[in-house]
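Heads up, the next two complexes both have subunit A, just with different partners, subunit B and then subunit C.
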Partner chain A sequence: MTPNPPALELRAVTAGYDRSAPVVREASLTVAGGEAVGLLGPSGCGKSTLAKVAALLHRPYAGTVHLGGVQARGWRHRAPRAQRTAVGVVFQQPRLAADPRLTLAALIAEPLRATGRKTEALTRTGELAGSVGLGTDLLGRRPHEVSDGQLQRACLARALALRPRVLVCDEMTAMLDASTTAALVAVVEEYRELTGAALLAVGHDRTLLERWCDRTVDMPGIALPARAPAPGPNR
Partner chain B sequence: MSQGTDAPEPLLSVRDLSVRFGMRGGREIAAVTDVSLEVAHGECLALVGESGCGKSVLASALLGLLPGNARVGGSALLSGPRPGETTDLLAADEATLARTVRGRRVGLVPQSPAAHLTPVRTVRSHLAETVRELTGAKGRALATATAAAARRAAFPADHLDRYPHQLSGGLAQRAATALALVGEAPLLLADEPTTGLDRDLVERTVDELRGHADAGRGLLIITHDLAAAERIADRVAVMYAGRVVELAEGRGFFGAPGPRHPYARGLLDALPERAFRPIPGMPPELGDLPAGCAFAPRCARADATCATVPALSGTVACHHPVPAPEPAGHGLRPEGSRT
Partner chain C sequence: MSIPAALRRRTPRGTPATGRGLRLPVSACVVAAVLLAVVLVPLLVPLDEQAVDMTNKLHAPSLAHPFGTDDVGRDVLLRCVYGLRVSLLVGVVAALTATVIGTAVGAAAGAVGGRTDRMVMRAVDVFSSVPHLLLGIFIVAMFRPGVWPVVISVGLTHWLSTARIVRAELLSLRSRDFVDAAVSGGASRWRVGVRHLLPGVLPQAGLAAVLMVPHAIWHESALSFLGLGLPTHRASLGNMIQDARGTLLAGDWWPTLFPGLFLIVPTLAIASLAGVWRERINPRRRSELML
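Coming up: the complex of A and B.
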C-alpha cells in the first residue's frame, strides 16, 4: 500500500443491466487525492454506468471499488454510511434527480437531514445555496418553479452538503448554457481548492473536460470493448 | 410587411410576439416580449440564450402548445398552404394546428425526447404510426419507409424494437429527430435538439438539420449549444429575459467582429475554448423583471441610461453596444470593414 491511497480506484469493473451483455467490461480507473479526471466517451459507451459504480449506486458484476484505499463493501442503501457519504454525485438531468415535492432549501438540506444533522441543516442551507449562487428568494420554490440551471445549482449544493472527498459529476452541464456551465465548474473548483476533494467528471465534451480537469481518459481505452457489437450500419 | 425585407416572402415572419403567463394572485410572467424575427426558405436561424430566457416558450407559442393560462400577442405568419397565402400560427384554431400544421407544415424536434416518446411503445411503432399518418404508406412500403426514416436521423436499425427506457439519451434524441423529419415540413423547429449528445452526434444531427435547410426548408433551432449554432446558423438571434437583444449574421457573430451586445459577448466568453468565464449573477426572474434593461444588473457597461429598455435598433438592443467596426482590441480585422 502506498502511503497516500488514491481517492477513488476502480479495478477491473464489469457492470451493466444484463449479466450476459455487460455495458462495461473490466474497466480500471484511478483518481488520486485532489486530482480531477475527465472521463470521455461517446453516448451509450457505459461511462454513466461506470460513474454510478464509482458512486456506489450500481453494483458491478465483477471488480472492486476502493475509496481512499478502502474497498467498498456494499452498494446503494447497503453501502456503509461513511463510504456512501464520501462520494457526492451530480447527475445530468436535475429534473430527474430532484424530488418535485421538496423546496430547493429542503432539497439542499436533504443529505444533512438524512444523516441526522437537522440543526446543521438549518444553519448550513443558506451558506450552501450561496456558494452555488442561489439567492434566498429561490429557496422556498419547488423544482417546477425554477429553471434547469437553477435546479442544477441546487443539486450541486446538495452534493456538496456532506463535504464529500470525491465528487462525481455525470454530464453535470450537458443541459446547461455556456455561462451556467462555467459558473458551476467554478463552484466545483472552488470547493476542491478548499477541501482537496478529488473529481471524476464524466462527459462527452472534450473541450470542456480538457479545460476543466488535470487529465482526461477515453472510455473505450480503459475497458475491454463490449463483446462483438452488432455491425450496424451507423454505429 | 413594415420592414424592408422585400424580395421573396419569408417562410416564417414573427412580429411583436409576446407571451404572458397569468399566475395565482394576479402575478404575471413575461416569458416573451416583443420578439420579431424572420426565417426564410433555405435559412437557418439559431435562437440562443441562457436557460430560462423564454426560448422554449417561443417555440411552444409557434406550435400552439402553450398552457391555458398563457396570453399571446403579436403575429407569426407561416407562408402557405398555397403560394401567396399565410397562416397566423398564433390565431389558428386547434383543429387547423392539429390537422394541417403540426408535423406537416412545422416539424418539431423536441427538447426532452424521453418525455416525448410514449413509454409503452417501441421506436418502430412510433415511427410507423407517424409515417402512416403523414404519408399513407401501408404494408411492405410502410416497413421500408419506417426503416428509411430511422436511417435519416442515424437511428441504428437494430435498436428499432426497443422501448424508450432502453435507449440512451442520445438514441432517444435521434428517435425524436427521426419522427420530426418524417413529414417533410417546410419549417423545422428544433428545440435543443442536441442536448445530451456527444460531439460527433451533435455534428451529425445539426448537419442533418442543416441539410434540410439547404434543401429549401426553413430551420429555427433553439439551442444553448453555441458550437452547434456556429456550425449551422446563417443568422443568430440572442435572447435574454424574453427579448431578442441581438440579431446578427452567424459568421460575424462567432468570428470577427464578434457580437455587439455585452450579454452576447459574455455568453461567448463563457465557452471553455474561450475565456471560460461565467457572466456574473443569474438571469432575472421573468415574473419580476427590472424596469430598464434586464441585463443591466449583470453588465459592466451599465449606467444611468440603462434604466430605460433599449429598443432593438438595427441589430442590437443596447444603450452601450460594443462599437461595430472595432473588434475590441483583439487586433482582428472585421470582415467587410472599411479600411
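Coming up: the complex of A and C.
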C-alpha cells in the first residue's frame, strides 16, 4: 500500500521578481494531509513569495509544486481551475485583498459565482459568514465600511467557500488584535477538523505559530538571527 | 480643545474650503447654462446666424444686440451660441473617439503584457513624439473643411494619454491582492477583466474623456482660427476670433471679446467639473473623506 501523498509539496523552488536576484532559492517544503505547518522568517525573506508559489499565483524560476501528489503544470490562469481552487488563500492585508466595489456578501460569494455555482452562492453566503462570525447586518456593506477584523473574516470566508484541501494563510492575523486573531485561528481550526485540510500558516510571530501549528519550519535557505532577549521596560 | 495643526484635515492641494465649496455649484451652473443655450436657442430663436446685414455692421452691444454685431452685421451673441454648439459637438465626439481608441489600446497592452505591451507602448511613444497639432493639421488637410475632419483629426491625435492612463491603471490593478484572490477563487481571465479590472479602469477613462472635452474644443478653435477647421462662413469660435482680428485694431472689441469668453468660460467650467470628479475618485482623497 502506498502512503498518502502530501497535500502540498514544494521541491527546490527558486522564485522572485528578478531572475538575476531571486528572493527564494532552492526552497523545499512538505505539508502532509491534515497537517498544520508554520513557516517562519523575518520580513522580506520571501515567505509571501513562497506562499504565492504554493497557491499557484506566482510562477517560480525553477522547482515544482505538487498538490495531493499531482504536479502543478501551470500558474495563475494557466493552472487548471481544479488545482487553483484546491488551495485557499488568506492575505495579510484585507484592504488590499478585497475588491473595494463588492459588498461583503458579494465578496464571500465571488468564488462560488466564478465557478458557476450561483444557486449555491445564494444559500451558502450566509452560512459562510456565520461560520466566521460575521453578522448578516454587515453583509450589505462595502470594505471601507467595516473594520480590518471584519473584513479579514470576510476574506477568510471567501477562502473557505470552495472547501480547499490546502489553506495558505499569509500573515493572516498580522494586522489584527488578539481577540480577532484568536477567533480567526479558531475558525481555521474548526474548518480543518471538519474537512481534514492542510494548513500552511506564514508569519513571523513564532509564539503564535508554535501554538497554532503541528510544527514550524524556518524559511528554507534563510539564516535566522538568534532570538534576542526580551527588551527591558526602559528600552 | 483645539485639534493639533498636524492632525487637522487638509484641503486638497491647499485650496481654501470656501473656494472648494463654490467650485462645484458655479461650474455646474455654467455648464448647465451653456447646455441649455446651445440646445434651446436654435430651437426657440428664429434667426439665421449667417444672415448678413451691412446696414447694421459693427454695432456696439445694445439691447437689440447684447453682444453687438460683427463686420458684416451678424449678431455676435447668436453666432457665439452657434459656434459653441459646434465646438461642444466636436469636443464631445472627438473626446469620446479618443477615449475609446485609447482605452482599447491601453487595455490590450496592459492585459496582454510582456512583449506586446512593450511594442505597443513604444509605438505610443513614437506617435507622441510628433506634435499633435501638426499631425492634426496634416489629417484635416486631407479632407474638405467640415466638422467631421476636425473630429477625426482630434480623435486620432488625442488617444495617447488615455492609452497610457488605462494601461498604467490596469497594470496597477493586476498586481493587487484582490485580483490574486479572484484567480485563486477560480475566476476566468474574462471574469477577472470584466468583474474586477474594468470597473477599476472605467472611472479613470471617463475622467480622461471629460478632461479631453475642453482640450478638444480648443483644438477645434485653433484649427478654425488657422483656417483649417470649419468653413469660414459657419459660426465657430475660432472662425469668429479670426474674422474679428482686423476690427480689434480699429477699437471694436466686442466681436473678439465675446467669442473669446465663450471659449474660455465653458472650457474652464468643464475642466473644473472634471477636477471635482478626479478628487472624488482619487483613493487618497476618498480615504481622507472616511476619516
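In this text, the second predicted complex is superposed on the first by the 217 of 235 C-alpha atoms of A that agree within 3 Å, B and C clash if a C-alpha of one lies under 4 Å from a C-alpha of the other, contacts with A are read in each partner's own complex, and residues count from 1 in each chain.
Assume a residue touches a chain if its C-beta (ideal position, glycine included) is under 8 Å from a C-beta of that chain, and two chains touch if they have at least 3 such contacts.
As the structure is a prediction and not an experimental result, all values here were calculated from the model.
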{"item": "Touching partner for A:A97 - first (subunit B), second (subunit C), both, neither", "value": "second"}
{"item": "Touching partner for A:T125 - first (subunit B), second (subunit C), both, neither", "value": "neither"}
{"item": "Contacts of A:K52 with subunit B and subunit C, given as first, second, both or neither", "value": "second"}
{"item": "Which partner, subunit B or subunit C, touches more subunit A residues", "value": "B"}
{"item": "Contacts of A:T14 with subunit B and subunit C, given as first, second, both or neither", "value": "neither"}
{"item": "Touching partner for A:L162 - first (subunit B), second (subunit C), both, neither", "value": "second"}
{"item": "Touched partner set for A:T207, first subunit B, second subunit C, both or neither", "value": "first"}
{"item": "First (subunit B), second (subunit C), both or neither touched by A:E110", "value": "second"}
{"item": "First (subunit B), second (subunit C), both or neither touched by A:V87", "value": "second"}
{"item": "Partner chain(s) touched by A:P42 [first = subunit B, second = subunit C, both, neither]", "value": "first"}
{"item": "Subunit B and subunit C contact sites that coincide on subunit A, given as residue numbers", "value": "none"}
{"item": "Partner subunit A, residues of subunit C touching it in the complex", "value": "176-178, 180-189, 191-192, 195-196, 199-200, 286-287, 290"}
{"item": "Residue numbers on subunit A that touch subunit C, as the complex places them", "value": "52, 55-57, 76-77, 81, 84-85, 87-89, 91, 93, 96-99, 101, 110-111, 114-115, 144, 155, 158-159, 161-162"}
{"item": "Complex contacts: residues of subunit A adjacent to subunit B", "value": "41-44, 92, 133, 135, 146-150, 171, 174-183, 185-186, 204-208, 210-212, 230, 232-235"}
{"item": "Complex interface listing, subunit B residues touching subunit A", "value": "49-52, 151, 154-158, 168-171, 195-201, 224, 226, 266-268, 270-273, 276-279, 281-283"}
